[in-house]
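Below is a structure I'd like to ask you about.
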């Protein structure tokens, strides 16, 4: 059984991420979306909220599991016995950054390949950072994220009393 | 069964190509290496020679077939019922060029994803063009190509009376 | 009156070019689409055919003229008393190439600025080269070019007896 | 009347920014230089200081207004009824970052285009960050910024007792 | 006598840095490795520790001195009467960033050139940041850094009680 | 004695090339400018003309020799007992292309390093290709090339009866 891991912060998950998951879930027997618990990086949503938002928007895909993890990605991939690490690419700058990470992961765990896929061109400018920036400045992100995420952003803003 | 197609001119196949084939053959149930017959692009080796050199150097991989094709890649991929098109990436410039091709192929045949993998860093500077240029100027390419390709290059040079 | 020149080979004009013309015609009082007559570069369509295809697909825009020119772009821009040269950008590689040309034009004719605009993300992978390659390999380009260009490509192929 | 908005932090305004303003003010009937009030990003100069420095160095241009704004750029551009957002480009890395922002702004307010212009090659390495870094380490920035900004930097350093 | 300065944070020094020092020390009569004391950037290792680690791993090179410095690099290079500033390059993104710095340094001190050299391809993905990230997540960095640095990282982690 | 080789087609030599030669001749004891005799690439100027134009414009530099060579660069560098190969860089795209060549040369002749230097920013857009294109379209290249090259271009055009 071919297993792929798709790691990310998903703070929050965007339509671009969901597009990547839809596409790559067809390429492997099983896919684990792995929400990163990074203690040194401040997230807008809690780990549980981020994991829940991904689950909510991938429940139509039978072979996709959503989990969270902390520590070294290479160790997590080994534990899942995955053969592939999935990363979405949007531009050349993305690629250069990802190339370093992929080469480091290959050294740390040679049995998995990082495979890069393209988001659909209509999602090319969407990132979690842009979603948060636009939303917190009261712009509409309804076309950039799933409906449940759009609502969660509104609630988060209300809670922050912005 | 998940089938992937790895298209290329392979004029000639290099250690970088073989590295990509070794790696990605583990990710899919079956892999077709598809040697492109491009009538408008002059090749050093004939289509038959190029196909034979790839076969010779992938015969240790049970799930890899080597074929040639002409016409539109998207049509060939549809005919093979493949879910993935494999492309190796070395640098950001590679990526930009490949991104266009991948997006065009997605429009022409939406059922297959282009997946990009990295060649090992020790193969990062190797391309068929550099191999040919170095070989034709009497430099050694023994570390850049499989042994059988090295011999074929020497014979080709002798035949060209260089 | 602010005049802008949009130069290109338009061999053939694509939906991406038309998108750029639609957008930038709103930014200037008058816009001249200038089809380049480049004797040293072999085109699929004749200069007259290329000019006609652009005219056909921009006739809804009152402030857009379509012309052809040969010689130095900077001289043509001076003659048109234009303040701007329009260029579409798709990726970082486009930018680097265009940056050189823009700097050279600035030296040759300092009174005009090159202004870059983005094609819509859904046209990001479309270029005249890809259109020709796909069409000549019998792929469908109906979504990549205007209808009249699609027909012209079919006629051209028939004439070439491909 | 064609209005363009040129947004930026201008912390502080550099000779590169002034070059962009000089050039693009000729392309549009009116140009608004919009100094961003970003509460989450710490600036060296106050909003009022930054606005004043831009005003001081653009007062020779009749059709240029300098303002400050907070909130979403797309909302501000709509309010100004501008048809264009101006951004300077120096390198391919600039372009990739700006492309995302431009695409997001296009979605948020489709009536304005982001147009990119090149700074003169002699300003290609100048950014507000480099100006601040060099000045705070006691290097001369007299060739990088207008004279009034050079003085303001010296006063700011004296006030910080560096 | 031709003197070159190789500045960096070296937090910590990696096999990639050592490779650059080995190579470039052959190109100049004397080479000064200059460890940057940057008060505004938090380092994992102290200035003294970083300097010591570089010394330990370059003591086989007779014409290499290791020093630390603060303030403007251009001033330090002038004081050393150096004709060259050495910088390692790994990718195009590195280059764009370094190009700005090099151009600024050229303006500040025109008598020295920045010369760029490539790390060996097997070190292409190694940076001090990746070394720290992997080490602090309990991954092995034994192939990425000299043995003494590997030990120092282990001690640092123990001291941090991670 | 430290010897550097600066290889190129120099068809024709530009102010950018001369800037690189001026700068790097100060870094090494001796510098050889090596004009490439490439039988498969059609040049505007003959090998003798190209060599003569470089000589004419570097005669003020005592430690610079101008030669021509054919065959593999690595073999030529070995024969010259050079420790460095000089290449000018203008942009990130230049870098990616040059990186491949540098890595290949390192494999073919490990005793020499490729060192990259930046042309002055005012020469950043100048290349031999742009010079030829502008000159042959009757544009002025007086600011892009030395005076003797400007004259040679005019004579070449007259001879071509353009």
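In this document, chain identifiers A, B, C, D, E and F correspond to the written order of the chains, with residue numbering beginning at 1 in each.
As a working rule, a contact is a pair of C-beta atoms (placed from the backbone, for glycine too) under 8 Å apart; a residue touches a chain by one contact, two chains touch by 3 or more.
Owing to the predicted nature of the structure, the values given are computational and were not obtained by experimental measurement.
Participant: Mind listing the chains that sit against subunit A and also against subunit F?
Facilitator: Correct list: B, C, D, E.
Participant: Would you kindly state whether over half or under half of the residue numbers at the subunit B/subunit F interface are used by both copies, giving same or different?
Facilitator: Shared-number fraction below one half, so different.
Participant: Provide the C-alpha centroid distance between subunit C and subunit F, rounded to the nearest whole angstrom.
Facilitator: Centre separation, subunit C to subunit F: 34 Å.
Participant: Can you compute the centre-to-centre distance for subunit A and subunit C, using the mean CA position of each chain? Integer Å is fine.
Facilitator: Computed value for the inter-centroid distance: 38 Å.
Participant: Give me the residue numbers in subunit C that touch at least two other chains, ranges are fine.
Facilitator: Counting only residues that touch two or more other chains, subunit C contributes 91-93, 96, 99, 102-103, 121, 124-125.
Participant: What chain pairs are in touch here?
Facilitator: Once each pair is checked, the touching ones are A-B, A-C, A-D, A-E, B-C, B-E, B-F, C-D, C-F, D-E, D-F, E-F.
Participant: Within the complex, which stretch of subunit B touches subunit E?
Facilitator: Result: residues 91-93, 121-122, 124-125 of subunit B touch subunit E.
Participant: Which residues of subunit E touch subunit A in their complex?
Facilitator: Interface residues on the subunit E side: 91-93, 124-127, 130, 134, 137-140, 143-144.
Participant: What residues on subunit B touch subunit C, complex-wise?
Facilitator: 71-72, 74-75, 92-93, 96-97, 99-104, 107-108
Participant: Can you list the residues on subunit C that touch subunit D in the complex?
Facilitator: So the residues of subunit C touching subunit D come out as 2, 23-24, 26-28, 83-84, 89, 92-93, 95-96, 99, 102-103, 106, 113-118, 120-121.
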